[in-house]
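Questions regarding the structure given below will be posed in turn.
A, B, C and D label the chains in the order they appear, each numbered from 1.
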């Protein structure tokens, strides 16, 4: 079975480490915050200028001046700091964020990512995505393995305009956990019940399949 | 008579305007603060990260954490702000300081200034001087017109390594007030009792002498 | 202390000197920390042909969105736009030009503009449409783009508290692009919720020193919320 | 919360990992805001062949000057040096190398190092010995120099107060280069006068967010004054 959005978030959360500063993109990445192991602390960075993002406020504590990069009203945790957009991206561009999780339209075997622009459709902009992929060393892309029409999103070469070049090493799809090494996707884990054959079929870019591909486990 | 150091400071102070942010270098420039007209407010910027420098502290209020760019203990005025060295030089480099006053070894007809390095003598460094002359639009150089040995410091071309290129437009010496225009010093005012002939004699670079050169006046 | 008293008494005075065709830097992220009354004054003035440098362009009827109604904006330099229908319409009809700039690059371009740095290198955008026509250079084997600074004829900024000298502090994440825009305007106008006595703001915790600020005005703010999210009780 | 607790219990632990030949960025201006105990620990360790990036090099017997005594420093990157006799002696004998860098360029190089900006243009130093061997480029008809970022294996920083997460505030003009050095060290060590509870520092007024900080230690400081100036009573 393909992973649910919640399961995808759970699997990504397994990559967290105690003391990580993490930037979570909109969508599935946001859900990762719900699965931080209880014996672990991570601090969420929001690129509009907040380190130490907390949960949503109550109706009583909602504050128009306290939002995250998704423009949602939020709160801060103890020990948070708030700063300008230049300082925020100094952190990001300077490689100080330990893990960035974001969605994409396509990823290719050379670690290229396309996530912001579909030609001939309205282009709203890249926001902070280009800075995030250029600045982070440790990025996890979360997306469905294939489009609704069955077209692979793991390609030999991205067809869409890029968000970043050669910067992606880890991809979690609804079918598999893959790492990008030497111009190929390496199949590391498969979703419970998903066959290697299905993954091969739905991966257009070069795929390396080890002898043993374990199923993902969820605590 | 050549101007005293105090008179030089007084003459420079005549160039202040109400609401000016001013950076004063070490030596004669520092004395300018003593001659701010009483109907005028200026705010002093010190490049170690202080806008709104006040007078020296008393023995009771002295604080090792509150110094100026000359490393002297100081105080702050009401409305002061304190910031990092990067922010301080963002102000300076970005042209936000209205007036910079500093000393020099030599100035030439093209607005070049040499103030930090005498070859074959111990070189201590340029500190913030290169940033100050590159960033300011409005700079006054204060220095003696000639060395103790009578050698002119107003040259056709600086002999010493430069602090900045083409950035000086106003020079106050102990003998004269000069402005640099189109590759020449223009004699604007002379110190009380100093003859035009003495200034001509002690100016090595091209000097333009208007028909009438008024004496400086001091209130 | 007339020399450092930057408080003006009317929004008309606050935006005096703004002319057709000028470039305006605006603080704010989404609808958070936007200079809403200064924007409304620009609408009232009817200035046209404006280029705005702002992370976003407001929504229909609020924020910079109101300046689309009378087609006052000819160009936006932003990282993310199109949260309103009018924007999309004017973009598709060619009445509005957009220069999309990565958010971090946009922030750094404004900072550079204020700091006398004409250009800087960044890895952001290498190999993407953002890199088209830009110089690249290798540092330690990695490719970087040369990005140029941005300055504006005006900067419009939303602060929380300011004193008469123009020292400003921002509230929570309403800080965002505001202190950057403040440094890079030839004329920087800050509207705030409260004017405090000179000396009341801690010198070590002023976000925008008064040297960057030309005019200060106190206003009332709607502070519309773009995405109201609350937790289950 | 072990993950974000950055407080270490000894100076030995604070400087663990410092090796011969490394580059160290140090905060401070003159003797103001210098990490005096971290410097003393480097002296105790006896690490040699160090390159220091610091605006100044202390005085005889205090600050970075103490590291000259056993010739631990092989190179200084500074804007102003030579306030001590030992420095001059080692410079003239060739035991010590100095790279003089304009103060504002030095500050910006550290900021750039921490901010992932490999290089930037500045007008500072054009036409001077500082420009030798550096690329220049015209922007709007003016010539600018390309200056590269600086990073360090270690950054040693003097703060006022910090919490266990490594959020730091600085006191008065002891801020200076400290927050810049803090961003640009692979390992950033901050010594402070006081450790406060997490949450005690106002989030909007933290000078150095904890993300930049690896280790925090509390110490006692002499805070020697270089030029004691007082007004006539």
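By our rule, contacts are C-beta pairs under 8 Å (C-beta built on N, C-alpha and C of every residue); 3 or more make two chains touch, one makes a residue touch a chain.
Keep in mind it's a predicted model, so treat the numbers as computed, not measured.
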Return the chain pair with more inter-chain C-beta contacts, choosing between B-D and B-C.
-> B-D
Please compute the C-alpha centroid of chain B, do the same for chain D, then give the distance between them in whole Å.
-> 29
If you average the Cα atoms of chain A and of chain D to get two centres, how far apart are those centres in Å?
-> 35
Centroid spacing, where centroids are CA-atom means, of chain A and chain B in whole angstrom | 55
Which residues belonging to chain A are in contact with no fewer than two other chains?
-> 82-83, 89, 92-93, 134-135
Please set out, as single numbers or ranges, the residues of chain D touching at least two other chains.
-> 108, 111, 115-117, 122-123, 171-172, 175, 204, 207
Connecting every touching chain pair, does the picture come out as line, ring, star, complete or other?
-> other
Would you mind giving me the full set of chain pairs in touch?
-> A-C, A-D, B-C, B-D, C-D
If you look only at chain D, which of its residues touch chain B in the complex?
-> 29-33, 55, 78-83, 88, 91-92, 98, 100, 102-108, 110-111, 122-130, 160, 171-180, 207, 223-231, 233
Quick one: in the complex, what on chain B touches chain D?
-> 46-50, 55-59, 62-74, 82-86, 88-89, 92-93, 112, 117, 122-131, 134-135, 161-166
Please name which positions on chain D make contact with chain C in the complex.
-> 108, 112, 115-123, 137, 139-140, 142, 144, 148, 169-172, 175, 202, 204-205, 207
In the complex, go through chain D and note every residue touching chain A.
-> 1-4, 111, 113-117, 163-165, 167, 183, 198-199, 203-204, 206, 209-212
Provide the residue numbers of chain B that touch chain C in the complex, in ascending order.
-> 17-21, 40-43, 45, 51-52, 76, 78-83, 87, 89-97, 134-135
